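Per-chain residue numbering starts at 1, and chain names A, B, C and D are given in the order in which the chains are listed.
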């Protein structure tokens, strides 16, 4: 038996003892996990996007096809480099050493065989900032010197990647909003169930002169407690998954994606998930009770 | 204090339980409400303690027309009314002392004051050694006395008791009646619904009798 | 029929509510059980209707020692006992007629028979026109009569009633007593806990009085 | 108000009206979805395994490295084919046409250049059934005729794939068992909550002479109903996801995995998921009530 003063202020409804409504912590936890993963992924993609853009924006690659005649190919390279040096949009241009191309083919043909092979020549050109670069026009010019040469300014795949990152960001925002709505809905449902369960006690509180907001506060407090526990665990699990993925990625070197482990903004956004979930739950519970009570005498 | 004007009450689409009831209670009066089982005593009282609104007619309380009152203005009115329910309506998971303290608690009054007051009241109804018992561990009569303590802790202007002596023996019934008398002398207006005709007959207070949905004021008396 | 031998009862680590109680009830007898509020009447009855076991001593029912009985043998015994609880204990979400039918239903008896019987009984206690009402819509006295109908539908050998006249007026109280008398004449052994001393005094049946945890058999009489 | 005879038999506890416990349908649904996906994936892998085994088991591939001298390479091929024909474990052996190798390299070097290149020669050998094939020994023999030649009997990667498929099967069984335990646990929890909620009504039933199993049956029935609805929806969603994945895979041609859409055993196993879940729920509820009731007077 509890001694006097042993009970919490505002526990008249005994909501904290309802085991039936603890599932709401699980629901909020799952939703928080989802939100954390969506946000984490979006942040990872956006940070990877910035990095890749820094690496590849402003660089164009020119490929001069292989010819059986090495002297002719060397002449073509010289002509191309001359053209590039005259182009007002290009800062510097440099042929890649032959070894890079050899390394790519060695596994197929044997290193020895490759050495004797005619290979295409690759040229990296660094673009000037702020000057418009027209890859198509340059390619036409270069083709006069080296037929079959190609100019790739990486814009297509970088643009594609950035579009994917942007889309992922939008999806993440949509997921977070959907998760928020689902959480509010689940809390609303649980709160209505709680009101039904405690209808008699609520009536008693009313009859002894309690105001609606007094009762609503108790439900909000109970929802807040459950949501906080659930969302803290869910977000923690999500952060764990993200950190694990990061470690796996760096350990295997499989992924070129830098994950936002040290991006303070990213962590702040993740940390805000449980706070937002808790707030959403408390407000939803409060509003649900106020609305439901307004409908009874 | 209280006045009913041509009040009717029906539940859902059922027949009228109360028909054309008009009466008024002077401040400081004590009335018994009698009538057969199912006559509508509890229903009439529920109109008095603002648990429902009448189907028609006007109920005035402390000068205000409560049939027209806004929802948010009910709590302050209810705090001036103490109720002893026929079925007690205690919160089973709260110790007796917290049940008694409830009406003050919901007003936001500090716990320390409230508990002392509740303990005093419980001693007064003879439950001084059951402060921390939970209602399910109490006997019927003990619960009834907890309900009475809760009804009076807020010093209500109007006290409503539905069958307050139904579960106690005559000795305690008499003691409770003395208690009501005392509160009445201190100025509380009281309405007691009861089947205990002996209690009514031995008292100097007037009786309101419900029969066939109508109210008869017998023994217009002392109040 | 019923015999208690040196029975003691305490709740948890509290004091003994019942101390060294010994008595026996002859088949076909009717006894009143009296005592102040909190004396332990409801507690003693709960031993009789097998809701709890005594802390010490032996309780025999229909010749069987129920303190030593296996859990799975309780239901058949309980079906021979009808109980009217002080707080009714109706199932709020079931219509009155289904509440009354409950004791037969749990025995797996066909619904058609059961309902007819239940309807008859409800008419007999004056609730023939409330068959499909839900308990929360009934007045206190009406609930009490539903509880009585449920207690007798199984034609129990032992009928136990805790304060069966607490919520009804004298007229209905007298009618209920006549009903109990009638059942008693048909052979049912009956124990009625009550505060209504008038009822006890006007009856020819003997009284068992609880005081300070001990049982006193006054007016050894007719049964 | 309900008319006489309008209520279900055995609804004394009114369990079917408890909205608070409907979450259990959601939990069972999610678990069923998990089980369906795990089973579906395992069945897909196992059926893909059989197909790949049929395709690749019994075939070895011999690679003769490229040499700058085509005549020498042709002689090596003839010698290797002779060796293979004499091997008792080999049924037939056949050199792959040079076009296959050319097609692989054309994108890198240009189709024209490749035609002039020395390329490795590939030989497919069909193994005899039931005869043990020793790739290592064969490789040693062949190396005498063609230095640097390699024999690949696909055993390593096929074995790896089959191991993965087997592991996936085990994981699926573990998942299904875990899901079953989780479902039984959730139903047990919900049932205990329901017992607590309806403690008073349960007491009343006992006091009017109901046996424990009468009460347990009501809980089992309620759990059965919720579990059936939940698991039917969950399994249906799982089957939908599997079917969708199959359609996507066939439409894009991206996956070599044949999904078991038409395997009658697979569909039967999937269809058993809701039945099993329903059974588990009903038994768990029944057992929980019987155990809990045995502990009260």
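Quick note on the criterion: a contact is a pair of C-beta atoms (placed from the backbone, for glycine too) under 8 Å apart; a residue touches a chain by one contact, two chains touch by 3 or more.
Here the structure is a predicted model, which means the values were calculated and not measured.
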### Interchain centroid distance [CA atoms averaged], chain A/chain C, Å
69
### Task
Let me have the rounded angstrom distance from the C-alpha centre of chain C over to the C-alpha centre of chain D, please.
63
### Query
Taking each chain's centre as the mean of its CA atoms, how far is chain A from chain D in angstrom?
29
### Message
Give the residues of chain B touching no fewer than two other chains, as numbers and ranges.
### Response
none
### Per-residue multi-chain contacts in chain A, two or more chains
none
### Message
Quick check of your reading of the touch definition: is the inter-chain graph here a line, ring, star, complete or other?
### Response
ring
### Query
So which chains end up touching which?
A-B, A-D, B-C, C-D
### Task
Using the touch rule from the top, collect the residues of chain D that touch chain A in their complex.
19-21, 23, 27, 65-68, 104-105, 108-110, 113, 116-120, 148, 189, 192-194, 196-197
### Task
Provide the residue numbers of chain D that touch chain C in the complex, in ascending order.
1-5, 7, 9, 12, 14, 17, 200-201, 203-212, 214, 294, 297
### Summary
Per the touch rule, the chain C residues reaching chain B in their complex are 11, 34, 36-38, 41-42, 86-87, 137-142, 144-145, 162-163, 166-173, 195, 197-198
### Query
So in the complex, which bits of chain B are touching chain A?
49-53, 71-72, 74-76, 78-79, 83, 89, 91, 93-95, 97-98, 102-103, 105-107, 111, 115, 131-134, 150, 154
